[in-house]
Every structure is written in structure tokens, then in C-alpha cells.
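Once you scroll down, you'll see the structures, which are given as C-alpha cells.
The following pair of complexes shares a single chain, chain A, combined with chain B in the former and chain C in the latter.
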Partner chain A sequence: MNRYLANVNGWTIGAILIIILLFIPNVSIVTGIFSSASENWAHIKEYMLVNYIKSSLTLVFFTAMFTVVIGLSLAWLIAQYDFPLRSFMKWALILPLSIPPFIGAYTYHGIVNYTGVIQKTLRNQFEIVPNPSFFDIMNVPGAIFIYTLFLYPYVYMITRIFLSHQSASLIESARTLGKGPWEIFLKVVIPISRVSIIGGVSLVVLEVLNDYGVVKYFGIQTFSTAIFQTWFGLGDLDSSIKLAASLMGIVIFILIIERILRGGKQYSYSTTKVRPLPLVKLKGKSAVFATMYTLVIFSIAFLVPVIQLMDWVILTFGKVPMGEVLVYTRNSVTVAALSATLIIVFSLIVGNFSRIVHHKFAKLLPKLTILGYSIPGAVIAVAVVTTFIALDRFLAPVYEFIGIDSGLVLSVSLFMLISAYIIRFFAIGYNSIESGFDKIGTDFRDASRMLGVSRLRTFFKIDVPMMKGAIISGFVLVFVDILKEIPLTLILRPFNYDTLATKAFQYASDEKIMEASQASLLIVGVSAIAIIIFHKLLREEPK
Partner chain B sequence: MKRSMIFLVVAMMLVLSACSSANNTNTKNEAAKTGSEVKTGEVNLYTSRHYDVDNELYKKFEEETGIKVNVIKGEADELIERIKREGTATKADILLTADVGRLFRAKEDGLLQEVSSDILSKQVPSNYRDTDDMWVGLTKRARVLVYNKDKVKPEDLSTYEALTEDQWKGRVLVRSSESVYNQSLLASFIEINGEEKAKEWAQGIVNNFARNPEGGDRDQAKAIAAGIGDIAIMNTYYFGQMLNSQEPEEVKVAENLGVFFPNQETTGAHVNISGAGVVKGSKNAENALKLLEFLTAEEAQAKFASANYEYPVNNNVEPSELLKSWGEFKEQDIPLSTLGENNAKAIMIFNEVGWK
Partner chain C sequence: MFIDIQDLSFTYSNSLTKAVNCISFTIEKGEVISILGRSGSGKSTILRLIAGLEMPDEGSFTLNGKKIMDDRTFIQPEKRGIGMVFQDYALFPHMNVEENILFGLSKMSRKDKKRRVNEVLELVELEGFEKRYPHQLSGGQQQRVALARAIAPEPELILLDEPFSNLDADLQVKIREDLRRILKKANTTAVFVTHNINDAHALADRILKIKDGKIDKIGRPCDLLGSTSELPNTGEVIFEELLPV
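And then the complex of A and B:
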């Protein structure tokens, strides 16, 4: 026991506080699993659950598979080889992340449907009337296509940063030992980047599990459909929370599997020099192939939808009120940057705690915070509203004392929305930070502490610089994610507070995808700028 | 390097906090400004209508009355849940939804209070108002049949029920049962024909599906053009939007289609409304009433309805030219609140008959 008490310090207290705060709103959902079944439960079980779970699992399995194949292959190409357009592709391949999947779904459907550019051109210019079912993407394979395109960057980004910054010595050793590229890929790259791959793909899985926009539009029935059909259709929020709680159960199960997969071998630095992996220059056919491959992925996941959006912006120009577009953009950027910063700071505190406290509890506890990312945003929103209204009631005497004449203060402010973002997206930031900590291990820190340097100083002097990549990528991921977030923003925002995402949703939800293009394109633009800025930051290597 | 990193983080946080406090002072200034210029207060709106014309009308209302309209737009059920949880402390004065079922639910949950005035009763016919005056309709839309002019003669069409006949096998297009418009449609049949008949109808439609339901209402019309099916169930205003689309190809599709109002000899075409109620505990109930009166008055109704190809509820206002060209039609004669009452039953039937 004393051994653990010795670990109690600022980090521990801070970390545990953060975890508790993140977890509190989820409690009301978790307890939902034990609530007694309503009269609707039998109906839900008989008609909704089995089929819905099946299609959810299909979506999750294939999306995970394809995102790993695409994400890892791209990460490996970019990290290991030099070929034409490589330095552009390095960051451009992250850009598809800036397109919210539901916008991607609307856009792709807009391209391939009967009045879309492909069929239209075939019909009018070439008098070819193709079988319309050939262009039908509103089905399970279509949804997998959409998810893969717009989510693979999670795997790509995390794995690429890991490979180019933290695997140099291992891959170089393999090269020196005369191993061929495929052997290096299979025997070195895959095993050492396992943590990053799993980290990335678990974000993809969670994103697919809780997505509602794409499946609703396509008419695919999944677990999240069941949650909303129960809530909106049957008007039975309790049962839908019970469903959401079951979803949390599944997620906890996935997390345990992830732990098991991740456990065992650790590969941390053997040298303080975090240096980039020297590139192998590709020539001839293989260079052409590498360029073509990255170009094709980049085109279908980013270029094509963006061109379509631009086309629509032009088509609807003047028909959509532009007035306060700057205000929406500023709102989006401010709230996303602020929330992302807080998430990264919190993640660093919790991640450091989890690393230095040698106790199972300290490893597992932070994992609980991922729950916020596992269930549909609208359900989280209910939990957050409940928590904040309780908080406002609790603080009522304080409000009275300082002369605020209103029952609700926090719950009508931006504070509630930012807190909700933190609860929801903490997992994204933490994932990145955690794999960063995993990589640097504790040796350097221990050495620094042994030499009598304080904890805080050690943290800023040793850990933070070594984790620059993880911090920056975590920030960008969270920033971009918040920029395109919908359900929380819609329901938890203060009065008269619009963001780019709410604007895009406003039109898209009413099947006015052309009118939604302006706000959608701005989301993409702002995200792209963020990705470029941080790419530049990341490129200057520590001297 | 390390120092610059820390510097960067700190600087960023400073900038951000400056931004957000600047934000705050802005809003405070605005509040102070409106406070000093006009003393008529404000009205807070939770709405699930997302149309641009709504904003224009709120602005107009502000100009005319000096009452500031504050808006949170969201999904109806989530807004209702938020009001429920905020309880008596809620800031919401008006709940505005695009579907009467949600208003019914809010009423059932005791979230609304009576709203009535001579002006409202004059402007909105009683069948578009709640029997207990808990909500009032603002616009109406009809769920009709749209058909391929080349393949279907209007004489072949009669009722929603007739679509279950064998001659329509593999020809009927309709979106998924998750759409509240389909839920309300089936709910109305439960009310008119009883649960059993309603289930037979749903089963009959499923048997005649041209394909598994996918996409929105507009996609059903496009599927007719693409030859996947010949007849679609869709809302009037989506059809209006297509006819006026910026994409010439969509207009072309819509022009080849005809609109048919079913059940004209029998029970009438299905109509739903978007409407609003005043939230219980509203601190600005008077302003809320003023806004509802404004929105149902002739001037606003003309704009409200025509901008989005909806039908006005105010009888003194004519629908837009396009809607007039489709002719007048007979509506279902059932209390609108029954659409809400039967909503859950409708969902269960959809699930049971396998209407995705």
C-alpha cells in the first residue's frame, strides 16, 4: 500500500480529478443498463436488435479492415520512401478527415445519383443510360466506402507519425541486416506500429459505431438507428439509454481486446535522439506506382468531393445568405481550438499519471474516459444537460449571492458545450498522447528524476519535447473533429450561436445539399489550414 | 526548441482566452445596446425548423416590435428533452417543430402552456390549433403521390390504399420508416382505418416496394426518373424544391412527374403541420404570443409558406402560384394530435412488417 501512496502527488490528484469529471455525465448512461425494461423492450429486442447489430458489425468490420489496409500502406510509403509528390501527399492524405462523413455521403450520392454529374453526362452527352442500380451507393457497401474514405486518415496519421519519427533505429537496423522491403514491412513495420494502428483503428471503429448521419440518409439500420428510433420514434428515452449503455458495454469489450492486443512487447526508445527515418528513393515503375496510388486515394477521398462542393457553391451562389459567414467561422475556430487545447493539456496530465504510477488501476482508469466517444453524441448531450442543470441548481445560492438573477447560468453558456466536447473527444486526444508516452517509455524520465530534477521540470524538459509529434497530431485530430461535430453543437449551444457545422447541417438535414455546400467547404478549408499549419510545425525537427 | 514549444502553447492559450473574452464583451455590449435602445425585451425560441426564411421573419419581427428573438436550432426530440431537463428554470419561451407529433409529445410531457388570443383564433382555423390551445399550426404540407407521366395515367390513381394492389407490385417508391413523415402518415391511417387495416396497408406497400427504402424524399422522385419505380410517396414541398432547383437536371426530373392528391373521394390527403407552442414557465409569454401572432398574420404567412413551398394555415393567404397550379384538395379530417398519439404504434407496425 505504501508503495502506492508514495505515488500520490499532483499528477495523480489532477489526473484522477479529470477522469472523474469526464466520467460523471456518463454515469447516468451506464446506470441505464440496469434500469427495468419498459413495455417497448420486448418489441425492440424482437424487431430491432439482432438485425441492427448485424449490420453495425458488418460496417465496423469492413471499415476497420479497409482503413487499416489503406492507412497503413500509405503511412509506410510516406514514411519509408521518397517519390514524386511525396512531400505534398504527406499532409494532403490527412485532408479527407476534414470532410464530415455525412457531408461526404451526401456529396458522393450527389455525384453518382440520377441527376448527378456522372449519369447526367452519360445521358446527355453520350446518350448512354446506365443501369441506375450500378450507381447506387445507398447501401451497406456504399456506407463502408464512405466511412473508409473519410476515416482512414486516423490510421494513416497516427501510424505515419510513429513510423517516421520513432522507428528509425529499428527499421534502419533491419535495412542494414539486408532485409528486403516486404520483409521489413511484415516483420518490423507491422509489429512495431501495432500500437499506433490499433489506436487509429479503434477511433475509426468508435466513429462508425456512433455515426448516425450516414446510415440515416442511406436507410441502413444500425445500432445507432435503433437508439434514435427508440428515442425519437417510440418516445422512449429510457430504453434508448439502455441501448446506448449496451453499446458502451460492447465498447468496453473492444477496449479490453485492444489492451490484450497491445500488451506484451514494448518497444521504446533506446536513444534520446528522436530522429526521422532516412528515406529510400524510389525510381522508375515503383516511383510511378507510389505516386499513382497516393494520388488515387487523395483524389477520391478529397479532391473529387471538394470539386463537387465547389461546383455547388457556384451553382447556388447568391441564393444562400452569406451575411454572417465570418461569425460562424470565428465561432467554429475559437471553440474548436479552445476545446482541443484543453483536451491535450488534460490528456498530458492523465497520460503522464498512467505512465508513472505502476498500478493496473492507473492503466485502466483513463480508458474509461473513452466511453464518451463510444455512444452517439445526442445521448451524451442528454447526459451533459442533466449534469449541468444539476450543477446550476447546486450553485443557485452562489448565483444569488453574486446577484445573478437566473436559475440557469452554466447550462446556457458556451461552457457547457466546451465541456461536452471535452467529454466526447478526450479519447481522440488521449489516444494520441498515450501512444506518444508508450513510445518514450520511462527511462529518460527516471534518469532525470534520479538526478534530482523536479517532476514538473522533467515533464516539460524531457517528456513534452520528445512527444511533440503526438501532441501536435492529437491537437489537429481533435480540432478537426470538433469543427465538424454535429449533435452536441446543435443541442448544447447557447442562443444565437451558429457554427459552420450547424449551418451545413441546417441545409443538409432538409435534403438541400447544394445549399449546404458553402458551409461544408468552409469546414474543409479551415481544417485544411489547420492541418497545413501543424504540418509545418511538425516539420522543423528538434536540433 | 523546448522553450519555444512551451511559449507556443502559452501564447496560444492567451490568444484563445482573449478571443473568448472578446466574444463575451461583444455579446455584453450587444445586450447593453439592445437594453438601452429598446426596452421591450426578448423571446427565446427552440426550433427544429431550419429554413432561411424563418430568420428573415424573426428579423422583421425584431424591427417591428423591438423584441429580440433568440434562437437555438436543433432536432425536435433533443430540444424537448432539453426543455424537460431544464424544468421550470428553462429559458425557452417557444418550442417550434416541423411536425405536429413532436408538439403532441411536448404537450403530453406537460412542457407547454395555453396560448390563445382573438388574433390567433382569427388567423388560424381551429383544426390547425390544439384542442386545449397548447399549440398552434404555422404552415402545412401534404404527403402526396408523385408519378411518372409517361407510365402512369392519373386515372389509374385513387387512394393510398390502392397502392397495395397487385398492379403496383415492384413500382412503389418511398423512403425509410425512420422518416417522421412516414410515421405520421401511418399514424393517420391508424386513426382513420384502425390498427389492423393500417398494418395491412404497410404490409401491402412493403410487398410492392420497387426497392428497399433509401435516401430522402427527393431521391424517390429521382428513382422514378431513373426507371426504378413508377410512383412515389413524398411531401409537396420537396417536389416544389425540385421544380425550383439550381440544378437543371433536377428540374427536368420534376417536370416529367405529376402530382396526385390521393383519397379525394374518400378520407382526404394526409396533411401535417409545422407549429409552435409556448413553453410552460416561459418568462416572456407575452412576447411569445406576439411572435406567434406575427407568424400567422397575413404578411408573414405569405412569405413563410411560399419560400418553402408549404401551404399557409391562414385562410386569407393564398398559397404560392406553384401550389395553386396543383389545385385545391381535400384534407384528412382527423385531429392533428392523433398523429402524435399513434406515432409509437406506427413505428411498431413498420418494424413488424419489415418496412426498413
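And then the complex of A and C:
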């Protein structure tokens, strides 16, 4: 009896179907490279492509550099030293992640522009009229500033966990060898945290390449904006597929570099014994400095924009009808919750498949779905639309048969948006579920089957309850990401379907910054709560 | 013959050598068999093959006249009517003792289930522990719950993987006696894995000695290991120390 064929059952079939569905749209991008080029493409290639590459890479390079400096220094301070406010800062410094960069962008623009609080104060209180170009942040350096503020937590979070759990013996032995703090930082901390720094910074890089909101609002030409422009401005889907393919090429190039830099090592926190790094208590000036430094970062990356948003909400209270806001909130929550639920269910099926089928491919295939998270939203949007239009064409006879006279059914439905979310965010949910499966192993499952209980019942009675933590944290992470998502939602939503994020973005684009504040504050609030819940879950898990 | 296993072979998918290599043996009803062998010799793998948790490269297995597996048959583990006690017990942490035992009793009326739970708990001398959760039990108590859970559905065969490995020496001796009493009282056919020669001696009707995935020797404890008097009766002696490599 064939051992692999014997494993073919509902799980396997379901899992393979899901994996295929996650992949199909990307195929349309790859095939799009080979379609014949239009005049637009010739023009783009000749005059524009270099610019897109230049500006995208400039943004990526400097943001990566600054997020490493800030993220690593914060991680080091928090992991090694004790100073006033440390335990608050430890998690507060993650909170900037709850502010989507495009909201941060228009909020800061609002703070520093001519009518903003800074220039107004200078004019009215001090009678200084500064050169307005000094306060102009709608340019490349401004975008780097915004990305750095709201993306550094990725580097901070991953590096801090690594340093607090895994570095104790190395750092202590360096100390006993008589090394001072700076020397330890340069010669021990930086080299040993290389892998986690690269892990964090590659998330930052992918976020920057994915971003549409900030660059669009600031009027910077990058790949993301170019894809939208050729698609909607020129109506040339073929050329935008070619642009998308070029962007995908850059992403794959960056992922390969990441692999090489990491030296093939996966960062693993779980394998070695966890011994926390004992804290060194800072006194006097250094304690004041540490508190000030963390406080300044926390203020500009979270406190200031949130206070400004609150101020605008109060100023405009009643201007945006409450009923309208409620509709967007409901749309946002429904679509995010529905997609997150589907992602978790799919992850459970694929994760279980990968756990029980002892075959190389069963381990490898799900890992490939991680690509979905690496591919920028604009690319996925192009891919999903192409696929759905092809699907509608294919199903046209069916529509006719059941009496629908429109040729476009699926490609104008919410179904398309949800599929795109699933492709883009599957990896986030799957990571969480996979580590949950790893943690419980297969013994409980085997024990249940030996008691005569079927596979399906075992799954619901044993696996699912034991993985509650992983399921909740996976759901929360996906939910928040979808809540903040901009490019996919803008392109793929059905006509007149608005979410908090699209509404905030549209108001901001129309320079109605104040009206945008309500929706923005709701996004930030919900995300911040989710991040706090996640943090609590993570902390309680080792018990 | 109650149990008949012929030419059982198995290779792990990520390995080239056979973990179990052409093993054949038979078991009578009510017999307690011990599989003895050093670490890595393939003991657990044999149990997992009998349980149906792994699928053999070749071999056949009949249980009480019923074909469980051969070239074209493979009955899934949940349909085999075989109970198993895992090395780390695998008690479901989110269920209390009663729920753990009830979990395997699906095809009974509620009243019968309740009665069966009381019966097996009495057998393992754990009455009154129904509402405790696994983490609120000592190692020995967990072990007995695992045994009670495996016995409750009245399996035709029960498999035990290193049932004493997580216990301290005093408890091992006590539990060992309990186990023999419980198995004999319920007239259960059992196969248990150990690398401890004293366990095998005290518990088994027959011993199957495994070396590198093959059967080395098979026979009654006194034939294989000599009489009890030759064994040192203080402390625990393990297999490796007694048998020359």
C-alpha cells in the first residue's frame, strides 16, 4: 500500500487547493511580463523606470538605516538597563505600529504646515515668520522621517526579544572580561543580534515598498504610485503588470540578499534555554538620558500625532455625521473580521496538513505562501484583478444562463477584496498557527485517535482548544493589518464601499485633514488595543 | 492465535536505514509482552506501527482474526480498537480526569459512561479525583489516569511506551505491581516497551529483545534473563549494563 496515497483525504485536498488559490494570481504577473509591450511601456521603460527604481531604493535605504539605529538602540537600552519608566516604555515603544504611516504622514503635515500648530505659535506668540520651505515635509526626506517613526518598532521588537532572552551568557562573559558598555555594544551586541536586526529591517523594507498612502499623499513617484498611475491614469493594465513584475523582481532580489546576510540561519528563540539578561540599574545622568531618549521617541512617534488627532476630532465634532462614521466602522470591522477568520481557518487546514503528512513538500509548500506577504499590495491588486476578470469571462455563459446580464460579477464584488486580503496576509496568520502546532506536537492527537476518536473530532476537540492562544494572536495580527491596509482596499473594494482607512485616506487627499481625523483615531485606537492584547498574550505564553 | 504479526518493516521518510526490519511474532490472549532494547533500537516505532500511527513499508497484522493491515488493507488507528499509553501520558490539559476518560467512550449511554468511569477509576485507585486537571496530579497519578483512559473503552490490545520512565525509583516499583494487577484483572492483552530489565522481569509473560530494529531473542523472562536471584535486587539495573554489547 502506498504510504503517501494513504494520506490523501479531505485535509490534503483542502490544503493543496488553498495553496494553489494563494498562488494562481501571481502566475498572471509572471506571464504578464511576456505579453507584447504597448507604447506606454516603451515610454515608461525609457524615461521613468530609472526614476522609480531610484526613489524606491532611496526610501528603502535611508529608512532601513534610521530604523536600525533607533530600533537597535532602544532594544539595547530596554534589554540591558533599568531606568525610570522602563517597564512602561518596554511595550509603549511598540505602539507606533498602531499608526498607519499614511495617517502619520498627513497628521505631521497638518502639524507643521502654514496653518499648523507650530507655525501658528511661532507667528502669534513670537512674531517669527519662518521660511515655509523649512517646514515642508512633503518630499523624500519627509517620507523617510515618517517611515522611520512608524516602522522602527519592527526592528525594536524582534531585537529586544532576542537580546533579553538569548544574549545573557555572552554579554555577561564580556563584562567579566572587563569590557565597558560601549565596547560591549559595538563588539558583542551588534554582531550577535545581526540575524534579528536583519529580520526586523526586512519587514521594514517590505512595508516601505508596499506603501502607497504616504508616497501618494506626498506626491513622490515610486513603483506603487506608478503602478496605479499607469493602470487608472493611462488605463493600461498591461504596462502596470510589467511594472508590477519589475517590483516583484526587486522584492525577490531583496529577499535573496536577506538570506545571504542571515547566513542561512533562521532566528530561533525557542531552541536554546531561555535565561533572561539581568538588568543593570542606571543612576544619575545616564538614567535621565535613558528616560529622556525613550520619552522623546515615544512622544514624536505616538503621543504627538495621537494628541493632534484628538484635537482635530474635538474641533470637528459633529461635522462628519456620526451615522456615516458608524457605517465605515462597521464595514471595516466586518471585512477585517471575515477575512481574518478565513485566514485562520485556512491556516489551520494547511498547518494540520503540513504537520501530519510526512513528506518534504508538505513542509515546504506552506512556507512558499510567505511570498504573499513579501509582494507589495499594488502587485497583488493587479494580479487579483487580472485573475478575477479572466474568471468572469470564463463564467460568462453561466451568468447568462442564470439570467444576470452584467458580464462582471465576481470582479465587482466584495469577494475579490477578501481574496486579495487572504493572499496578502495569509503568511501572518499561518506563522502564528504553525508555531501553535509546533508547540502542541502530535502526541495529543495520536492519543485521541488511539481512543477511537475520528480525525475531524480530534481536530475540534483537541487541537483547536489547545491552540487557543495561537488562534487569537494570529487573528488579532491579521485583523489589525487589514484595518490599516490601503492600496488593496482602494482598488478592489466594490463601488461605494468605504472603510475607515479608505475614508481617512480620501479626506486627507482632498486636504480635509480634520474630517479625516475621526476615522484615523478609530483605526489607531483599535490597533493599539489589539497590540496591547497581543503583548499580554505573548507574555503569558511561557507559563 | 490472538495477534499475529509477520515481516513488519518500516523506514522513516527522512532516513535511509530501516528503523524496523522484518519483525514477526505472535501473542496469546491475555498475555503481557515486553519489548526490551537499548535506546534507538526501534521499540517505540514497533508500537506506533501496531497502533497504526505509522504506515509500514511491508508486513501484515491480524488481531483476533481480523485483518488490520497487509499489502492492501490499512485500518486507521481510531478504528483498530487498540489502546495506548504514551511515554509522557498525553493527558489532554484542557480536560479534567473525568473528561479525559469520557473522551474515549463515545458509543455508550450516558449512564453506562458514568459507570465505566467509576469502574476504571476504582481499578487504578483514583476515586474522587474526577474533577482534577492533569497539572494538579502527581506523576504517578497522571500515569494511572492515562492507564485508566486507555483501558476504559475495553480495547482488545493495550500498548504502553516506557510507562515508568517519568517516575522516581520508589514509585516505579509500586506502579509496576499495580500495573500487573490491573492488566491481569481486566484480562487485557498488553505490549509494553522498556529499557529496564527489572520492569520486563516483573511484568512480562514473555520478552521480545530488539537490536537495531531486528528481533534478537524472544522467550520467557526466566529463560532469557536467568532466574530472579541472579539479578541484583537492590536498585535499578538497566538493560545496557547487563547485556554485553
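The rule is simple: the second predicted complex is superposed on the first by the 339 of 543 C-alpha atoms of A that agree within 3 Å, B and C clash if a C-alpha of one lies under 4 Å from a C-alpha of the other, contacts with A are read in each partner's own complex, and residues count from 1 in each chain.
Throughout what follows, a residue touches a chain if its C-beta (ideal position, glycine included) is under 8 Å from a C-beta of that chain, and two chains touch if they have at least 3 such contacts.
Bear in mind the structure is a predicted one, so any value in this text is a computation, not a measurement.
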Which of chain B and chain C A:F302 touches, first, second, both or neither: neither
Which of chain B and chain C A:K461 touches, first, second, both or neither: both
When both partners are placed on the shared chain, which of chain B and chain C touches more of chain A: B
Which of chain B and chain C A:M450 touches, first, second, both or neither: second
First, second, both or neither for A:R493, with chain B first and chain C second: first
First, second, both or neither for A:H359, with chain B first and chain C second: second
Set intersection of chain A contacts, chain C complex versus chain B complex: 461, 465
Residue ranges of chain B in contact with chain A within the complex: 1-2, 5-6, 8-9, 12-13, 16, 19-20, 23, 44, 50-52, 55, 70-79, 81-82, 85-91, 105, 175-176, 178, 180, 183, 212-219, 222-223, 225-228, 238, 241, 245-247, 249-250, 252-253, 343-344, 347-348, 351-352, 356
Chain A contact footprint on chain C (complex, rising order): 12-14, 51, 53, 55, 57, 69, 71-74, 76-79, 81-84, 86, 88, 90, 92-94, 103-104, 106, 149-150, 153, 159
Complex contacts: residues of chain A adjacent to chain B: 40, 43, 47-48, 109, 113-115, 119-120, 132-133, 136, 138-139, 216-219, 221, 225, 228-229, 231-237, 315-316, 319-321, 334, 337-338, 341, 378, 381-382, 385-386, 389, 392-393, 406-408, 411-412, 414, 460-461, 464-465, 468, 487, 490-491, 493-497, 502, 505-507, 509-512, 514, 537, 542-543
Residues of chain A defined as touching chain C within the complex: 1, 3, 6, 358-359, 443-444, 446-455, 461-462, 465-466
